[in-house]
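Shown below is the structure under consideration.
Lettered A, B, C, D and E in written order, each chain numbered from 1.
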């Protein structure tokens, strides 16, 4: 059974149809990669899944239940964790407190359990040295790490990652991919938006390509990357 | 009924003048000036002081002479005080303008006492023009309305069509990048405030001519100005004018239903607009 | 990872000392009616009202990020409800104080529906308009004297000394309760949520924090506190009128106290209230000049001590009497670098 | 070889935190230089110091023989140094055309004007009256580049032109580079993609923790040299 | 010697400041009068007068009254100048069990505004002034001498005075109807209203020729200006409060000529101070010479409050609050505002009434505008200087 299913979801800003009747299913444990030109509507799709933005039409199902009308925090409690393309840390709180907050509320843990979770995630993501520093003072890279760490602290079943490899050097990206592999191995389902295609390819089980808010292609990664339309629209190479 | 509407529009003209400066400062600097009303009163007292120095004969000349002073005052105020409060957090600017409001009220009280005063217009304020046999309109309110419409048009043109207006918007959007383009944000802000203060001085002079002013009158004017800006929608000067008209007309209708509830009625319409259309009636969307 | 490794520090040496000193002070204060003068009691009650009100404003603005200029709506409402319960329902005014506060908290729920449509500077003035609606509404109710206001007649039967002492003890209890309430709230899990919301509302929501409910909770608690301060104040002052009860000056003074002391810290309103009291005591006979100076002081502190006076001291000296943060201790030595 | 722009022992701070620890850098007229380096190495800080967004000592930066360190950004752009900032940063309430016109605030003479730009990026002419931020990420990057060009700079600084852009857009933008350098403009790019950086540039500077760890002709540098310079000591440990 | 403190609260700043304008001068005069002290119960005390400003704000008035009682420990509190100041001060005194004498509020807003019970009265607070029945009598006496259509428009704001004057039972409406006047009352409005076109429209519609009410000075100006703009020209305008002070009339310019108002005290009142033996005329002249300002009506009442205070204190058995109160209650003197005596000369034991006449403003000889008494039917002792004329 699919963990997440979108049924013809749509969203428009004024006259601009940003998401235009997208249907999509993600199986439990699967990693889905999302590709598409800038402004295609990828981040918006995440917003619709996490509930930050309401759909105009269509249905969002998660773990067999209709969550279309649920608020973001309710979807988080249901098991959807997300990171933001532009990092959104709680800047005046320490890194540790950022994670404790996520664990307390997103993970619905008691304060003491949350300390444990936060500690674990700090180790896992290599942020331990920054534990007591204010999150607002971190470098961009560390902020992106914090985005991932905070999403993890909510103990998600489904993890939404928005361009967390963007701006990383190749070796940095490699470290990240290793980390994501470990998370995947624990059975966490992931959807990952990424322009750094080779990083995405090293993890994704399946690709979904969006263009102008609509599905352009979907399927096994290699097949999708060889799709002439995808090559033309996204890679800019004539097939 | 017609009379109510017409008086409402005239009152709306006055509120437009109260509101334009606020609309401009918010539009450019995201600064909510809680001393707006007190600055209007300060403007009125400046003219009053000027008239008492220069003699009763020329209130209009004195009012004109006050405008450049207001410009300079606004420029300096922004440059040396308000600039330090700008940023994402609205609190510093709120506290500082709130503090200014108290300073102005008490300074005026000390200088001019609590007595209500007025700017003598040699009878102009009592002149009316009769339209038909039941309707008579004040000449001064008509002048106020005309000035309000012209000022709105001029401001909208300045904001949307000129390089200065473009720089206002650019600095308001992203100060750092605007500076990278060669603008001096502090000067642009100071310029915007200077223009806002000219509008404030005009409003003050006219307020002093049409009725009496006393040092503690400011806060009420602020609320009307603010309501007009929000009802109209942020970032649009014609919206501000429309908002002021709606406020004026609803207050007039309210006054006629029961004088005790007129202002209350205006506030309620404001809150209803807020609930139904939080972005205002004619918002100019950004981004 | 053995759980014993995780240690989180939540108190400081200063905070432990402060707790003992605080308890001692409260005990001394509680005995004041037996050795002090009635003017001291009265002065304390007055400053207690200002302080509680400022404390609640600090909770709302400093922690909840909702900068309101309209808290006088609840101050006045609490006062009026107390008075109506006392005058019309025959309830003992001292019992009516918490009831007035409760009513203010309840009325905040529908009010929030309107107020929460605005944010930033517009929320600030919007709440002021709402307070004006309260003022004008009460001004048009003739049962409570309309615009001219009315007198709390319910206290006329109570003996002077009893009345003074009861008022004083109630004020003291309210102050202690307000501090404890806010402090415990902020130390709890909910305090974390509040800080998170203040920093970034969108992210807070997606991290599982019910933002709307939290904000409403803070708004209601702050309204309750404001109503408490109002009810207490008018028991001391006896006469209520819409212009006095819903005067924006209440919030103005609260803002000054909080900003001068330091916003977003519990010590802020405490220090602010003490400074305000001292200034008021020694300078208020200068009338306009006093107010003018107060305005200037607020401006200068905002421009030059953005953290307030206590915040400034705290930065220099590292004091924290009411710590709410969580420091992770004994983190296993150097983090494994994830580079290369 | 006459240096157009040089820095000498340039240091920069954010509050108490030091971000640059003495950068020596030189730029010759007409060349295209790439700066590479890990995250937080100080690349953006370096560009910001050059353009006045981060304070710098007067004598640490010389442009056309004159010290310009610490001048206000507006003054620097008037002297001919323009930047495409990291993350596009268009003005949301301005239309595409108004955004471009903002670039001309410095009022410098030169080949670039609206017509030339629209010829270079025809899509922008089509959308000239739309709000700048309603464009796709790539189109926004074109506007950001165009805005910088409108000041007719002698030196153009581009910070992470390709960050977060789809491959197709990166291609398009780099395809426009020759048209820009063709006008005799000197260009500095900060680029994360090392392959791309080597392809388009003549020289490369590699930054590491606020210092220059490697400098040389793009064609001469080996992959090994570069990755060593990237991670320095840490790489040895890893 | 020991010191005896008398507290005095009035509005010296804020919109009601004209009511407190003369107080500083009156208190200076009292310092001379009291320089030898007062003997109470056979013991001589130096007298100190503590003046507090209510800032026209009822909250502030209550606070300073409490300060006077609890911190300064005054023996007696005096207060004057509209319900906004006198009521909260009286309330504070009643509760703290300190005697208080108040004035310059018609007695209805003072008594009923404080929720007084006519059967019981108050224990500690005493009032001296006239009542609404007097102002109504004076206004209508004046209007009856003129040819009008007897249609009256009322301007009653939502404050202590306005609510009492416009009250259906206690105020203007009932007696006016009984005397054959038709009253148009559009309703209570907020002080500081920017626009009176609603009232003007209502008055025009009903053909009103007489305008009355009790408004604050700025509102009077707004109303009169807009009435002129909108072509509304009543034949008579008689207002309380706004037209009491020459400064306010001067600020009205041409609009001020011919406006009428009640007169509670004037230099032509045939009374003499029991304390300084000055006649009303001499008191006003002393003020004009000392303060370099035209006389105003509150001077007489501020002075009279001290007359009563001095008289009562000198009769008190001791400075205990109860003794001072008893002395106040048994006062019977002839003051510069007329005889003062509680119990008998008023509706309740706490109210002593003073006489009232009607006056009209016109161009003056010595000052820009001067007030002339134009109707004395309800207090014949006070001489009239003319008759009421149409606007």
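Going forward, contacts are C-beta pairs under 8 Å (C-beta built on N, C-alpha and C of every residue); 3 or more make two chains touch, one makes a residue touch a chain.
Everything numeric in this text was worked out from a predicted model, so none of it was measured.
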| item | value |
| --- | --- |
| Shared interface partners, meaning chains that touch subunit A and subunit B | C, D |
| Of C-E and B-C, whichever chain pair has more C-beta contact pairs | B-C |
| Chain whose mean Cα position lies farthest from subunit B | A |
| Chain whose Cα centroid lies at the greatest distance from that of subunit C | D |
| Between subunit C and subunit D, centroid-to-centroid distance (C-alpha), Å | 51 |
| Centre distance in Å when subunit B and subunit E are each reduced to the mean of their C-alpha atoms | 38 |
| Subunit A and subunit D, separation of their C-alpha mean positions in angstrom | 30 |
| Subunit A and subunit E, separation of their C-alpha mean positions in angstrom | 75 |
| Contacts with two or more other chains, residues of subunit C listed in rising order | 136, 139-140, 288, 337, 339-340 |
| Set of subunit A residues in contact with two or more other chains | 171-172 |
| Multi-partner residues of subunit E (at least 2 other chains) | 13, 158, 188, 190 |
| Residues on subunit E engaged by subunit B in the complex (per definition of touch) | 13-18, 56, 158, 186-190, 192-195, 197-199, 201-202, 204, 217-218, 221-222, 225-226, 228-231, 247-248, 251, 253-255 |
| In the complex, subunit B residues that touch subunit D | 163, 166-167, 169-170, 172-174, 176-184, 235, 284, 286-287 |
| Interface residues, subunit A side, partner subunit D - complex | 16, 36-40, 85, 139-141, 163, 166-172, 195, 197, 233-236 |
| Subunit E - residues contacting subunit C, complex | 13, 53, 55, 57-59, 62-63, 66-67, 70-71, 83-84, 87-88, 91-92, 94-97, 109, 113-115, 157-164, 188, 190-191 |
| Sites on subunit C touched by subunit E in the complex | 37-39, 42, 46, 87, 136, 139-140, 142, 145-151, 153, 155-156, 160, 163, 236-239, 241, 243-244, 247, 287-288 |
